[in-house]
Amino acid sequence: MENNKLQELIQNFTPEAEITAGKQFLTVTVDKSRLHELAKKLKESEETQFDYLFCESAVDYNDYFMMVYHLDSTTHRHQLVLKAKITDRENPEIDSVCDLWEAANYHEREIFDLFGIRFINHPDMRKIFLDNDWVGFPLRKDYVDKVNVVER
Amino acid sequence: MTISEIIFYLFSATIIFFSILTVTSRRILRAAVYLLFVLVSTAGLYFMLNYHFLAAVQLTLYAGGIVVLIIFSILLTSHISQKFEPVGIKKQIFSAIAMAAGAILSIMVILNYGFNSLITVADNPTMNTIGYGLLNYGKNGYALPFEVISILLLAAMFASIVIAKKDKKTN
Amino acid sequence: MNFDIYDFSSFTKSIDEGLMASMSPFWAITIEMIIIGVLILGFYAVVGLYLVYAERKICAFMQCRVGPNRVGPYGFFQTIADLIKLLLKELIPIKNADKILFNIAPFIVIIASFMAIAAIPFAKGLHALDFNIGVLYVMAVSSMGVIGILLAGWSSNNKYSLIGAMRSGAQIVSYELSVGLSLITIVILAGSLQFSTIVEGQRNGWFIFTGHIPAIIAFLVFLVASTAETNRGPFDLAEAESELTAGFHTEYSGIKFAFFFLAEYMNMFIVASIAATVFLGGWMPFHIGGWEAFNGIMDYIPPFIWYIGKTAFVIFLMMWFKWTFPRLRIDQLLTLEWKYLLPINLFNIILMAFIVLMGWHF
Amino acid sequence: MKSIINYLAEIFRGVSALIKGMKVTGYYFIHPGEIVTQQYPENRKKLVMFERFKGEVVMIHNENNEHHCTACGICEMNCPNGSIEIISKTVTSEDGKKKKVLAHHIYHLGMCTFCNLCVKTCPSNALKMDQTFEHAVFDRTKLTKVLNRPGSVLMKGVDK
Amino acid sequence: MTAVIPLHYFLIVSTLMFFIGIYGFLTRKNLITILMSVELILNSVNINFVAFNRYLFPGELQGHFFTLFIIAVAAAEAAVAIAIIISVYRRFTNIDVERVDTMKH
Amino acid sequence: MGIKSMKDQDFRDNETLDLFKKEGGNFLLSTVDALIDWGRSNSIWPLTFATACCGIEMMAAGASRHDFARFGIEVYRASPRQADVIVVAGTITNKMAPVLKRLYDQMAEPKYVIAMGACAISGGPFYYNSYHVVKGVDHVVPVDVYIPGCPPRPEALLYGVMQLQRKIKLETIAKKRSNA
Amino acid sequence: MDAEKIQPLTEEQEFSINMGPQHPSTHGVLRLMLKLQGEMVREVKPQLGYIHRGIEKMCEKLTYPQTIHLTDRLDYLSAHILNESVCLAVENALEVEVPDRVKYVRTIIDELNRIASHQLWWCAFGMDLGALTTFFYGLRDREKILDIFEETCGARLLLSYNVPGGLMFDIHPNFQKRTKDFIKYFRKKLPEYDALLTGNPIMQERTKGIGYFSKEDAINFGLSGPPGRASGFSCDVRVHQPYSAYPFAKFKEILYTEGDTFHRYKVRIDEMWESMNIIEQLIDNIPEGDFAVKMKPVIKLPEGEYYQRVEAARGEFGVYIVSDGNKNPYRMKFRSPNFCNLAPLHKMSVGYKIADLVAISGSLDFVVPDMDR
Amino acid sequence: MSSESLILFFIVGAFLVGGAIIFSSFIAPTSTNPQKSEAYECGVPTKGITWLQFNIGYYLFALLFLIFDVETVFIFPWAAVMKEMGMVAFVEILIFFIILGFGLLYAWKKHALIWE
């Protein structure tokens, strides 16, 4: 589907979504409370059918985290980037999309491990890479580790 | 002393020694292994008596079959660090005394009975003798038991399959 | 026919008599035994080591590479180096293991193979024991080895070992049946269990030829079943590397492990010898009825060479299997035995009996 | 009856497929010509690496023991994992100008990932990849090398 | 070769084995060990049969065949016994005679 | 001593080897020692232990083209009990280090370690800025031979194994050479 | 221990066992915690992180050309393809059009890389099933490709041949000839693989119908690459979002719908044929031209986000770059195919035996460092 | 040689193993550390007890094996005289086989031959 039509549709789903047409993908930014709802609609709606979550990542912008979901539709072959901002650095939380896309399971565990973002309703919220007694979230920008890291 | 005497004493000693260990060992798999030694030594005795076929059967069925099955069932039902609790000392002593009395009595009887203790015919039943014996209906023929054995085995097979598989269904 | 130029029986008998004449029977027998013991030990070691070497070389050639070639000419001393190394390797005591059984296991495995070798005829008159129940005896003794494997697996207190041991236990006992039954097929033809008689009976043609189809089927079944019984690939589930790391001998180190390793090869040698003796005429030369000249030439090849050649052929087949096929899964393995080999075998025996009854064999 | 025929056919198919596999291994067994093994230490004399093979970074020296390195430090900067350290010293040339020249071009062979970036980015082409690969040592410190040969100097004319 | 060993030696061995077997049968509580004791007893009987056959009735094979059949029966018996033991274990997760008693439901 | 078809002076780092010799103080090795060392050095069974890219080159060294087996070391053992050398082929991370240590500990004496590749030697590409990589396996287990490269080509591994063989040949029956 | 303390085990009870981190069949340091019942797998819990090297964090400190050498070390078996992803992302961001020659060469090496990777997978898969000879045949043929690589790129495994804007060097004059020779050689050798393993009844018995995974599940779990295509999920990036010279080549996406271990195997074998087709179409038509465009010495990406998908040998590889306009990426995220392909392992192998688990994980073809990054 | 010499093979085998183990345990280098003697499980400490097998599959086959083993042993003497005895032996063994064939068939039908 064309990007502008997609844009309209999403505007219908969630009017407050902030939509920018990037060079590559259409980017939709929503509040984290609306994310799961929109994601569900995007997945289940006939016209969009974003059934393939091919990447999920988090970015640390120093004062807030941005969750980034890259979505693809295997029937319509269109892509979309979904974003949600998490402002609480101390106790970041967001709804898991694990129930929509199983693929999110490991991604979210990874993000939990490396960014410390908790996912609500995630079936198995454990660390995935680091040891259980690891302190700190390495991919955060303010992570310092005097013991293990040799700076250059 | 001839070599065969030495070997005989060796076997007898093994048999007695490991028999005792079999019934006293507190680790079950060890008991099974001791039993294996007993059975193998018994096969050795048969070899000495020139009953080669019997010895081989003893090895195949007893040592290679029954003991394997016993070991299997031990592997299934007990753990390496499992030990039996020691049997009550009273019971132990009583049984031991009773058994010793019985054994001594029997041995006395055996010693007092004048057995013809020399082998007169150097005979070594060949396979053919055994085969004829086994398949013969006449005197000294065992064709009937031979067939009965097959029925027995069939029954045993039925029984063990039924017993072993029964629980599966109900669960 | 100068067939008996290579007859060892007179040779051994003369030694026997010489010893008997010169000293008391007790000492004569003792010395004889020591001689035989040393000979057997040497033979065992040489065969074991060189089978390992042969396997390495053969699989190397099958895999487009050269294999060991740096220790001695063509790597001829490779396995000796391995032996020295293994002999000098630490024996790790395993915590929580059942020490006695842990140590007994290699004994059982090795002794079983030793006892089996006793009855194998290497050439005319060159065998330690010629029981009238030879075939059954070898089967009986070699069936003891499985106990060693079970003990090894159980006593190491290791999960992989236990799974490996259970697998190989079920496997070995199952395939033992097929080994026995396929041998019975030939016994019907030979009318004897004695190895010397069996070999003698093949003077005019090996049983695999004279026994028609059932003999060939029996041979194939025997090959498969004996490969499985010796725990070799593609039936090496007990030590399936990709599943159980090293299977039942995971916890064994140094020379104890070497004995399991050695026993595998010796068992292979034993079953190959049996196959050679029972199906391929043992040390009998290859004869074709009527071709006297040809037969005469064949007779000049020493029987020992014939025997070794045939055994080597069977061993080669088994190695070929191992290096070609993927491993079976445990349930497939047991299905193969119980649903294919065993019924085929039973049927085959009847067929053979029928052929013998009708006198259709050669 | 049909099931029995199926049973037999199954066996036959299985066996024939197995034999097909054995043919492959058997073929190689009886064709030693197919052996592809290169006997490394024996063929050492004849063994030539491809000219682009990245074995280790070396500094180009000419026969007068001169190199091209101006100690600019670009390679050090571009090396992704800090395998290169440039230690320069300041010398005063005859005409009294202070000049930075190379003292030690230190190269940690034990860390290098052979990404070729240093060679590619060096503005004066002072470095190149060598094709040696026999580096194994018993002592880790032996892997730290000084690339400029002792007493070597900057080649005339390279100087910028 | 065996001529030098008198018959009663065999009998003594078998007697001892027999009583050891009974001792085990009485003192042991584990079903499998009880089974093993029974095997000991059977085995001692076998030795007797064989020895008698060999010494007293050489040339005939009654004892020999009896032993053969005893072994076969023992095998069948062991198979069934172990099948029973295993199913007892599956039900009670235990094969101790005393505890199996009490755990009856 | 020395490896057939390659002279001693063709090898690198003979100085360290000389140092070992001096340390041992036992220049004249007895015949028994020679025999034992011959056995040990020609039968180095590696543990199947590969963590990353270098492992692939280790596999390649075992394959037909380079054929590890020529040295008698094709017998890859999956169990550390039966292995003689642990070729650390790949990155060792903080989480993996205890495992490596445990594997090393569980090996039977005499045992050797080859650090293969930049990662195993020093952390290599992950030396700087990585929070989860051990900076050289010699922090975890004693290393006998270092083979630089990323990954070292199979010949380099063979060369490293020959170096190890040379080192083993200095051992005496009394004790395994302690790691320098 | 006392007999009382040991909980007796029954058939229904499960026990746990470890596979890995040092285990021949987990292909590296993956650790699978299994719950077994008898030999039946009841639960598979992968434990990752034994080779988590923090590459994403490291990239934040490196310049773009430098990050490329780290992508090599993710999925080292498709190193070149992974390099390309970063290069493409940078080139797209800077709107640099690389010469056609570069595109062709990249694509050819991509496909060679894919074949090499599949060969290695074939070896390892054979080993997992216990067919030891496959290991040697696969690697023997792979060496031929490595020779091509070494001659042109200077390395055997981690090529580092791509740089933003083109290639490190021009192709070697022998490149075309060698590649064509290889194709000729490999077309002869590939049927051998079939004779040895594909057609083998033991192998078929062990793989057919094992580890079934439906198309819906595959999409939902984000399965990609050969495992995804074996389930009928058309997920080939080369087809759907072609890059480099793929638009110039005609090829078909290998799709099966059976979704079992055998067809995951089959997809890869067929892909090797298909890759050879692609190479044959391209190899003779490599256009003349530069092997790289001149880039600035310090590459800075304009502020923004960039995502590049490529089809690595194991599935869809993606690189997500967030740039703040500096010479270092602000955040670099790699979407690794193995990480996503691992998730279904539990679902695939529950109810099968350990031996099947080994076959299934072999058919998913893990490269653990790629998973852990 | 007489059958007593069987013991010789036993002794030689035991001597080989025992001698080698004793020799090895004297001469081989040793080292101790707390992890060495623990069970190996892919490099991580074992969890739970190692007793893990209650698998009826294995044991059923052992059971069947025992019964068929008896059968095999009894066929051997028959096989040895089959050639001489002819028809009588053939008929007898046919009966024997048919009876046992039932057993196999029964096991087959009861799915006792399927490993689980």
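Observations on the structure shown:
Chains: A, B, C, D, E, F, G and H, in written order; residue numbering restarts at 1 for each.
We adopt the following convention: contacts are C-beta pairs under 8 Å (C-beta built on N, C-alpha and C of every residue); 3 or more make two chains touch, one makes a residue touch a chain.
If you're wondering where the values come from, they're calculated on a predicted model, not measured in any experiment.
Shared contact partners of chain C and chain D, listed by label: F, G. With respect to chain F, maximal separation of chain centres occurs for E (centres as means of Cα atoms). Counting C-beta pairs in contact across C-H and across E-H shows that the higher total falls to C-H. Chain C and chain F have Cα centroids separated by 37 Å. Averaged C-alpha coordinates put the centre of chain B at 17 Å from the centre of chain H. Look at where the CA atoms of chain E average out and do the same for chain F: the two points lie 56 Å apart. Chain centres here are Cα means. That of chain F falls 40 Å from that of chain H. In chain B, the residues that reach two or more other chains under the touch definition are 2-4, 48, 50, 52-53, 57, 60-61, 64-66, 68-69, 72-73, 75-77, 79-81, 84, 127, 130, 134, 149, 153, 156-157, 160, 164. Residues of chain E in contact with at least two other chains: 1, 72, 75-76, 78-79, 82-83, 86, 89-90. Multi-chain contact residues of chain F (touching two or more other chains): 4, 48, 63-65, 67, 70, 78-81, 95, 99, 103, 106, 108-110, 125-133, 150, 153. Of all residues in chain C, those touching chain D in their complex are 58, 61-66, 69, 320-321, 323-325, 340. Chain contact summary for the complex, chain F toward chain A: residues 94-95, 127-133, 135. Of all the residues in chain B, the ones that touch chain H in their complex are 3-4, 7, 10, 44, 47-48, 50, 52-53, 57, 60-61, 64-66, 68-69, 72-73, 75-81, 127-128, 130-132, 134-135, 143, 146-147, 149-151, 153-154, 156-158, 160-161, 164-165, 168. Those residues of chain H whose C-beta lies close enough to touch chain C in the complex are 1, 3, 5-6, 8-18, 20-21, 23-25, 27-31, 36-42, 46, 50-53, 55, 57-58, 61-62, 64-65, 68-69, 72-73, 75-76, 79-84, 86-87, 89-90, 93-94, 97, 100-101, 104, 107-108, 113-116.
Considering their complex, residues 2-3, 27, 29-30, 33, 36, 40, 52-53, 56-57, 59-60, 63-65, 67-68, 71-72, 75, 80-81, 124, 126-127 of chain B touch chain C.
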